[in-house]
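Sharing a structure, written as structure tokens. Questions coming.
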Amino acid sequence: MDLLHGCPTGDSRGQATVFASVEQYLPLVKKLADDGYNMCSDLTAVDYLTHPGRALPEGVEAKRFELVVNLLSLDDRKRLRVRVQLEDGQSAPSLFDLYPGTEAMEREVFDMYGIAFTNHPDLTRILMPEDWDGHPLRKDYELGQIPVQFKQVNS
Amino acid sequence: MGLLQDVLDEGFSGIQHNFITAKLEDLVRWSRARSSWPASFGLACCAIEMMATGAAHYDISRFGMEVFRASPRQADIMIVAGRVSQKMAPVLRQVYDQMMEPKWVISMGVCASSGGMFNNYAIVQGVDQVVPVDVYAPGCPPTPETLIHAIETLHGLIETGELLKRRSASGSGANVHVEAAPVPAQPVPVMLGTR
Amino acid sequence: MSLVQQTNEGGQELGARSELTAKELLREVGSVLRMSEAEAAALALDEIDPTTDQTMIINMGPQHPSTHGVLRLMLELQGETVLRCKPIIGYLHTGMEKTAEQLSYMQGGTNVTRMDYLSPLNNELVFSLAVEKLLGIEGDIPERAVWMRMLLSELNRMSSHLLFMATNGMDLGAVSMMIYGWREREQVLRFFQKVTGLRMNHNFIRPGGVAADLTPGWRDDVLSILEEVEPRLDEYDVLMTGQPIWRERLQGVGVITQQEAIALSATGPTLRCTGLPWDLRRDQPYLRYDELDFDVIVGSYGDAFDRYAIRLNEIRESIRIVRQILERMPSGDYRIQDKKVTPPPRARIDESMEALIHHFKIFTEGFKVPEGEVYVAIESPRGEIGCYIVSDGTSTPYRMHMRAPSFVNIQCLPHMMRGGLVADAVAVISSVDPVLGEVDR
Amino acid sequence: MGLLEGFAITARQHRFFGGERVTNEYSGGRTRDQHDQKEAKPDRVHGRHVLNRYEDGMEKCIGCELCAGVCPAKCIYVRGKDNDPENPTSPGERFGFVYEINYLRCIHCDLCVEACPTEAITESKLFEFSFTNRKDAIYTKAELVVGDDGKPQQMPWEDWREGDDKNTSAWMRATAPAGAAEYEGQVGWSGELGYGVRAPEPAQPERDAAPKSVRAVGR
Amino acid sequence: MFALDPLLTGDVTWGDFGVVAVKVGVSFVVLLVATMFMVWFERKVIAGMQNRIGPNKAGPFGLLQTLADGTKLFFKEDLLPERADKFVFRLAPYLSFVPAFLAFCIIPVGGDFSNGNAGRVKLFGHSTLLQVADPPVGMLLGLALSSIAVYGIMLAGWSSGSKYPLLGSVRASAQMVSYEAALGLSVATIFLLAGTMSTNGIVSGQGSLRNWNIVATGVVPFVIFLLAATAELNRPPFDLVEAEQELVGGFNTEYSSIRFALFFLAEFMNTMTMSAIIVTLFLGGPQPISIGSWTADVHLGPFTGTFWFLAKVLVFLYIYIWFRATLPRLRYDQLMDLGWKILIPIALAWFMALAGLKVAQNAGWSGGAQALGMVVGAAIIFACFGLLRMATKVSARVRAEEGAMF
């Protein structure tokens, strides 16, 4: 298995992926930024609550949340995905100092998953109202569907 | 005095029709139907079609409605065009409250009318839970012609005098509680909440 | 009570300057410039004495004619000069990413198409490409489907940019431009209606291909659109580009440097206006864009005028691309002939029990997608639109995330607006061309 | 001079100076005059649904609930019931006993039409309707099913015009839903509609035929 | 030369009084009705320029559209914002509405100016002018009234007690003050030529096309006046005061019902009045077009002049609509720059040049000496202009270094 800056790598449908623990996360991204990945095109998270048995390379322990960071190198036209495993309640370091463009994305992840980012300058809810309860994209958060109106309902 | 009491209670509409007030009322209705300025309350996809209605191919100005007022104080019709999120709902109500009487609401598109396909935590399931709605335009988004139909339906209601007074909020969004009843032998429509 | 205190509504809002820590200010004014905290703190006290606060915080939006929907901007003004700005979003949050987890891959198109409602076909395209990559069939899509997708997405780019022309004109007070932009866009929409049956939110590009073939006589229709739009663009040039007032209003307004744009992850015209020729159609080609001949338009000053000019010329490039597509449109299937993804031909349902079962299976539970996760990005009219899908092997996505270009580009607003006037703020918002449906999803 | 050239552009859009008026004077059907007409709609337009019947009056719906299952907005409610052998409603074993569409939820994506195995539900070209209360918006089978003449029923809040009730089958007959070129131009239905049937669209060689004429743009 | 209204010379009888009353009444009604049609005209013309139809449902061709608007607004609920200054809030609409009417009083809307009649016509046996009043300082009165209208807008914004109107009123006051100067300077050139401030006198002096002030003053003051008047009127492209995209509704954001209708009417009425003033000052008012001995003739009795007057006013109304349809809005600082750095200096220079020419003519200089004087004057003006440009450039650089916008 290949290692990139000490982190196991993977390949998902031909797309390069690197797995990092929370401790490795910030140093890894720093090194990657030096490697020429000069834009963080996307940062999001996944809640694997109901799908724990996903395929991961050896040495990576599956945890509930996964932070997914898509980096882009404008010069080499390459993309690299960093996947970071997180426990519920664990906070991740903010990438704000490296990529200021992640400010809104991290806020969105905080809003939707409740994952806190240390050293984020303004970690408040971004999409939901401030007084909203819960984090909607968590798997244990209900969709909030209501029955559709019909004149004659038997369901 | 019956007349005085009626007027005190109900204002203009309390006056029994004589030839002056009847004509005046006709004039007022006519003018309200011919010059209903919309408040621009564009939210999502429907706002794009609402603007398309104002553009050259459909030209809402034929009805004297190209005067989209940014200030709710001067607007008569609020066209709620698009999905109303829980975060937006208080703003919607505030803008509605800022509008001056008489005022009407068109709920444009299914997202505004009932949440449409977004039956979830984020969207208000029907703006009639927040403001009283007079006309619902279906479609996602409604074509400009559907919007024109909805507007003309509303104008018809205004002109025939069915809608001169403030409506009270019906609260009958999609969230209305429908009793799950066994299907009877003959289909009998279940009445939803009345206005 | 000062006006500042009355509008400070807590949490997400712009804080009053007197209560501002250096760090918060750093975020608002200096993040990209790599300003130190001490510098930011100095800045906080430099221009304005918090004790005799002469500034005013003003709320632009969420219902404001020029905020393109429900964007809310809090502006701190001194006179008419914008000192600070904070975009507040979420007023159109629709929970689409959650809804996507309930809809099967086949229904998913109806959901994603409503995100960026000005370029619905691009949204469907990126979703379909991601699903196809997960299915491992991205190489097997029939040629006709691929070229049809390119045709539609380029026409969609035209319609989206035409709408930008309209709203940009409107925001700067050119009322006729508003109508002219819509007039041309209407032609494109009518073609879409002819082909897909709907004017917007088509649900036409689906995993595995496109929903239906083109209409008879589509070449004539497309050509007549091009014939009509092309001379109109020259009219825009006269009406707007050559207009001294227009140039004065836009040139030097909302400047962003290349370093800032990259740091803020901006894409699309917002990045290209700084002179960086980054267009995914050319730099990471998808579909058959590598076989086409087109130019990437870049600006050099990074101002609002560059962004306007880029979009205007991108319409011309799209017209060029569409002309090439017209020549090269192949015939053949337009949906992958894979029984698991595509419903069987109607004529087979009556003959074959197997076909009927496939039909039922696909329309009830959809098709299953193998486990995995992919991120696919394409160039939408507003920039890089990316789709990240995690599949757990069932027929609904386990997680679908859209990297929305407007959501990211909107972070540039505070940097572009700083020091401008209120009128510039309007020009800047409109030049970034955010679509709030996509910002809030 | 750039400042003044724009004036020529705006002025020449006017009808009196060689411009063209593009407005279509549809006015909602409330005040009918000679100008009040809808623009012709393309065949594939998705409009208000209809439930079709065979020419002998039998209903096509077999109550399979595919449409309800595939609807992303879950706005269709179907309950099937076994046919009375003496007096069947549909030729099959079952028929759609309850059929409702909530038009305050319907997004007109036409997945229901694609899913229907018997072409029972199709869409007319009517899109000009609006409701003054929520009850009107829920169409039951009584409103959706076509009349004895095969034409859709016309509700008071709908504005039907010439041609809206034709070609209700257009979206499905436009093309082969499987996307196979060899099936293009083949309808592939066992039963025919009684009214307003649309001939299938031609196959690809005709679709892609070289342009015949390009309209000169009036400027 | 005072062209006093012959009606008011000698004893004033009840009949004279009646004629004045009729004139007042008629001009009030005509102006009101004309304003209504102006609104309709604007909406129709701009619709035409945008390939649209425009209002056509209220009355034939939508002619009654403004009536519908007015009636609707009249019967709409009124609102006094809680934080408004109640008295000023109520007063403001009238401050902008009334001057629009008053300014119209000094406009000669017709009259027979041929054969030295100086605008007198016979009406009901009385010889009179077709204008409500012709004070000797007529144009000064006009300028004064148009500046009062500024207060209406300014106070409306200020008294509303909310922020967007406040910004609008600040813009209004700055904009109007700056353009007032250019307006005054270009009018001064006309006083110089006509030698009178009476509108009647100004019109009388413009017998043939060559004497029309637009030609006699050399076009430049006309252009300056047109631009400055547009800015005074808050018409696009100078409509910053109520720029919808920036300030929602500007000064009238908080106004509704009849008070808003007054602003609405005042805006269009001001446009009419200003067009009428331009026609009076520069285009010979009710005088027919005549070149040399040829005169474009229409015979409508006492109303021949009115015909010409209306025709000319219509041209300007069209121009204002054309501006609106074509031009993007200026930014605040550009507006100020245009006013202070371009219009005022040019107006001033032109005024001085004309004054110099007049003095030279009065002093009986020879043609050559006049030409020489012109050349010297032009050289001085160019030098001054260069200095001004340099000064603005330097100060712009200094400001840019200091990082300030203004």
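The chains carry the letters A, B, C, D and E, assigned in the order they are written, with residues numbered from 1 in each.
Here is the rule we go by: contacts are C-beta pairs under 8 Å (C-beta built on N, C-alpha and C of every residue); 3 or more make two chains touch, one makes a residue touch a chain.
Being a predicted model, the structure only gives us computed values, none of them experimental.
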{"item": "Both-way neighbours, i.e. chains that touch subunit D and touch subunit B", "value": "A, C, E"}
{"item": "Top-ranked pair of chains - ranking by C-beta pairs in contact", "value": "C-D"}
{"item": "Centroid-based (C-alpha) most distant chain relative to subunit C", "value": "E"}
{"item": "Maximum centroid distance from subunit D, chain identifier (CA atoms)", "value": "E"}
{"item": "Subunit A and subunit B: spacing of chain centres that average the CA atoms, whole Å", "value": "42"}
{"item": "Rounded Å distance, subunit B centre to subunit E centre (Cα mean)", "value": "41"}
{"item": "Between subunit A and subunit E, centroid-to-centroid distance (C-alpha), Å", "value": "63"}
{"item": "Residue list for subunit B, restricted to those that touch at least two other chains", "value": "56-57, 59, 62-63, 70, 86-87, 114, 117, 119-122, 140, 143, 174, 183, 187, 189, 192"}
{"item": "Where subunit C touches two or more other chains, by residue", "value": "64-65, 90, 93, 95, 98-99, 110-111, 176, 179-180, 183, 201, 239-240, 243, 245, 440"}
{"item": "Subunit A: positions in contact with at least two other chains", "value": "127-129, 136, 141, 143-144, 148-155"}
{"item": "Chains that touch, pairwise", "value": "A-B, A-C, A-D, B-C, B-D, B-E, C-D, C-E, D-E"}
{"item": "Of subunit D, residues touching subunit C in the complex", "value": "2-3, 5-6, 8-10, 13, 22, 41-42, 44-46, 64, 66, 69-70, 72, 107-111, 114-115, 117, 171-172, 174-181, 183-184, 186-190, 201-202, 204-217, 219"}
{"item": "Touching residues (chain side subunit A, partner subunit C) in the complex", "value": "12-13, 15, 38-42, 44, 46-47, 51, 54-55, 68, 70, 74, 77, 79, 81, 96, 99-105, 108, 112, 121-122, 124-130, 136-137, 141, 143-144"}
{"item": "Touch list for subunit C against partner subunit D, complex", "value": "103, 106-107, 110-111, 142, 144-145, 176, 180, 183, 190, 193-198, 201, 203, 208-220, 223-224, 227-228, 231, 235, 238-240, 242-245, 329, 331-337, 342-350, 356, 359-360, 363-364"}
{"item": "Residues of subunit E touching subunit C in the complex", "value": "46, 49-52, 163-164, 167, 170-171, 236-237, 239-240, 243-248, 324-334, 403, 405-406"}
{"item": "Footprint of subunit B on subunit C - complex, ascending", "value": "62-65, 69-70, 90-96, 98-99, 110-111, 114, 117-118, 163, 166, 178-180, 182-183, 185-186, 189, 199-201, 436-437, 440"}
